[in-house]
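After this come two complexes, each holding chain A, first together with chain B and then together with chain C.
Our next item is the complex of A and B:
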């Protein structure tokens, strides 16, 4: 499996990246860890005449934990998320999710930026970032701008990022309460049959806020405000969880594929959401 | 054809320098250009781990990296870990505990396991299973691979303690 020929660039600064993107337009693409892009190039499903490797760009690999927010550079790898000590404390759901992505070798290479920018419905970070109400920061020829994760995904492989823009970081408000990222997959290294990201706040035994997003159950990640509303104000008892599952099922739109028929996916989505809510609640 | 690029990196302590098309995957560079045939091609789709090498301290599947990405890097393959006359404790443990049958996955397994033990010198069985999940073996059922890694870990820890 040999990809089609391409020109390779490894610029040292973002200005050079942007000018290469401007010069080559649709024919150019940036590469982070390459663990989504290279397989696609090998299958010749992605044609990239001009490949721009981001590995030498400074300032994209930092994790900054602030009082209210956490900023994660686009080139931070899944392994970085797992091994960062402060992060395990400040936002344990990031580590919990990263540990469920792919396998060890892939996690050394795969980046947060590549995972969220890719637009593959199977990627786990987009749903997670919607749950956490993240903001994506991009830079392009007209300067920098921010896009909410909840507004970033338009269709499979289509995002609000323009082709001449580069994602530089993802910023999340520091998560509150209990968390869970629950994923059903056929084997390690597989994409989700269904996955749920949940963050819940409990006060005096009552749920005061909830955040819920689902992975690989539509052509984009699904943030479900109705499922959240079904939990808020309750003691997250069985009736509330069932109501949240019902609301979530109204929002997703799974396709039949080699992971199963639609009825099975709806079933698994419900089971996974229930587990995620129960685990997040137990930690809240 | 695109322009060839000048690539220079270190493999098993030796500096290698050559011209290659950017689309050349690292696994082909190692096997066909440099005759370093320890890393194997199993699936060629980033799943099986037979091509695993260590690059700047990371376990990487060499079928999913272009050689040009590794320009400037320090690469270790199974050949750099030990040889017939100076087996690495992991190689010895795989031999002693039947951690292989056909042997095809073994170079990738052992290369990955060196990194696993470096990061976690005393792993539980579960941690070994999780840490080795990127390497597939179709012969052994994994049981003896896990045993071999446990024995190697014990031996390496004992040797370290003795040296201190």
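Our next item is the complex of A and C:
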């Protein structure tokens, strides 16, 4: 559990970060909270000769709540999400999710940017951001660009972000209606056996829009438009929920691991989604 | 002089036995001022670490260390070839086998030590490890002991004769190249006869999975060879420092007086730190070779994958009874997976530990136990994880068999226990498998436990829950876990207990200082049990000096008297007894001094709390403080000056703590998630020395029981890869997973122990594992479940529900 030697950089501005990335190419990685990258370096599974720490870069740690959108800087920590006063009202699902990530010590260091950019299927924020239809902003040698969260994930640890780009912020439309982030895990600090993010709007007892994404049930987070469609226009009764569960099961592709075999994960995914829908609906 | 202090106040001032004295250790532990082995830092100290095998079974064709020796800061790379001239490439195990220190031609488990890289710092050592090139030829892997006993693949060629025959092992004849021993207890023929003629027979097979003690501090050591004076100092995480000194002397050929072993503060042991590991040997050799101190510290993965697993018992049971539930016979067969080397930590004559306590708390007239030890491609070990030798396995076995029998009889499991308990008047009770239980009052403890939890009310609630479940009103089942355990601890009498020929006595040496304070040194070593607190309390009551005036020291073999260390709940039963006996020697001399000072005959004074008083004249007395001073300043005719004593205590018998536990659990059948609603633990550990420490020990032992029952395991895939090598997958409970515990007690002193104490550190683990497991199993009883194997993690509970048709 001792990493190989590496050069450590702590630049003061993004231009320096980008120039270091350009200079060292594949040998360089940026680090936000470090809670994924450093363990991999200690296991010598990640070889990072040049490590660029982002914590001295200004402007990456803000939470801006606008009339229609919320912008979260890449270096905002899970703890910031939990303790931010305005956010609990504006997007309570962020707080509910962050509280289910790891443990307090990790949440003080772990960042939103690192969580979404690493592409680890076990991370909770990618599924949440797909549910919230977030937009990822990245900056690279050719300037800044935006990528939809629902188009960001390509495979485990593979995203639409290029190696010479840095994720700077995540922007979400202000969520509407009821919310729930339901997660089953074996113990504190664990990744999900199955987790579901649900945001749902109710008008006159009818679901007018629904957003559903699942965590750790494929090698990428799974946004399920078919499951959403199964709810819209219904009173979210048992039949509608079952249809949504069925649609979601067609989208996920879990692997067997120490958490259990595929049949178990599919079953739990359904149960967790049902509970998330029911809780979100009760809050809508 | 008038005594202003009342007798009760004098008792309180001592903080002796029965007082919830705060732990004196905690001032340093809670301030980060402990001194653990990794805190030992010496001038010029080097670091050693292992290149480990990625394969579970492979021949080593070549080890190329040349590139590693080019890495800056790397000083040496040891392989078996370097140790062979010293005769140190293999070492003896505690179980009569031998174990490779560094891979000698082949590897037998994933993570096995292949080469030892010595460098100026840990970073250089790690770089050096990466540069060692090992050429492996993979061999077929055996991870299942039943397959190992049928396989043509020989794991230990060193244990097969040239003509292909199988020589006897340390414990008698071997049936197969991968077989280690067969060990029997009890009467086979009578047991078979009783069972085959019985009115009712219940049978069950159960696997007690492999797990690991996982102390927070991993294993490690610092070896420092002083070439000028020829003395070796070895700091390390040793639960038995004196035994380690003797082992080092025996395998190195050094004279024992030139070896000083020091166990500093130890961050939990739970059996993991009893054995001798390759890291210790390699550190000593590296220090001798380099002339510098060498430190070796495991990381978490090293610890989980390579040092001392626990359990891994495949148990097959038959239990017979009359129609009305009186048990008549018990048969148990165990296939024990010992891994690549037999390094179990048991007394020499007990290769399956005290598994023959498996008749439990019940009056079972006839029983038979047979254990077959088997080699596989897994890490060696087989330690007693927070229990006396294999007692957790034994108690799990009988407490499951009782439940299975209750199902067969269609009887309440609490009642079945009650009608089969050994009765109070039967003690001392000789069990069918040979042990003599010292004392017990099981019915009183059981009745108290059931009454406190309102057992009948719980069963009524459970019946209603089953109805509600069947009616579709709930998806949660309710389980009531019962367990009644009897432990066998305090190993042990020298006549039948030794380790490597060392009798399992223990010791205490006391020096009373002139001003009435004292130091006592013991052969044991605390790993968090609070010895510095409790042993001072025993002495305070025995010699009448305040516990706050008594220093307790352990762990330095140059100063402490010889003892066999701390594990198997033996410290209080053995060293605690030695402490009381040494204290009584002090008191005997103090009595003579007091009589001299008071100018009366020795028999005319008697001990009273903190003084000797003249019989019938309580105003005439000498306090122990006065007596201590007199011992150093008076020329008393016929008496040597000073006030010191040593006691080496060879216990006449084991002690047999017991307890009654109840767990109430809710289980979500759709997700397999369990929620412990209530846990009640009644412990009877005989005389209670410090109730607060007992309560802490019970909380800790229950938490480790919860871990083992609900998810903690060392799992291997078919290729012998460890699947649970980090704390992501190896379950170590935190406050988040742990329920509230209710503790309770009865007091049934041990009749043969000087203060009647029996030991408690491991009871909650021994009793807790079956209690948690029984709660899970009980929840499904109404739907046809008889037994499912631990660990009861979410997916296995879900699988049980699924197989019982509860998801349709």
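One rule holds in what follows: the second predicted complex is superposed on the first by the 284 of 284 C-alpha atoms of A that agree within 3 Å, B and C clash if a C-alpha of one lies under 4 Å from a C-alpha of the other, contacts with A are read in each partner's own complex, and residues count from 1 in each chain.
In this section, a residue touches a chain if its C-beta (ideal position, glycine included) is under 8 Å from a C-beta of that chain, and two chains touch if they have at least 3 such contacts.
Since the structure is predicted, the reported quantities are computational estimates derived from the model, not experimental observations.
In the superposed pair of complexes, A:226 makes contact with neither chain B nor chain C. In the overlay built on the shared chain, the residue A:38 is in contact with chain B alone; chain C does not reach it. Contacts of A:108 after superposition: chain B is touched, whereas chain C is not reached.
In the superposition on chain A, contact of A:5 is made with both chain B and chain C. Contacts of A:133 after superposition on the shared chain: neither chain B nor chain C is touched. Residue contacts after overlaying the shared chain place A:193 against chain C, while chain B stays out of touching range.
Across the superposed pair, chain B and chain C both touch chain A at residues 1-2, 4-5, 103, 188-189. By the touch criterion stated above, chain A contacts chain B in their complex at residues 1-8, 10, 34-35, 38-39, 41-42, 51, 53, 55, 79, 102-106, 108-109, 188-189.
Of all residues in chain A, those touching chain C in their complex are 1-2, 4-5, 44, 103, 184, 186-191, 193, 258-261, 263-264, 267-268, 271-272.
Across the complex, chain C meets chain A through its residues 122-123, 125-127, 130, 299-301, 670-673, 711, 715, 723-724, 728-729, 731, 733-734, 736-737, 793-795, 798-799, 802, 807.
On chain B, the positions that touch chain A within their shared complex are 1-3, 5, 21-23, 25, 44-47, 49, 52, 58-61, 64-66, 68-69, 71, 112, 116, 130-134.
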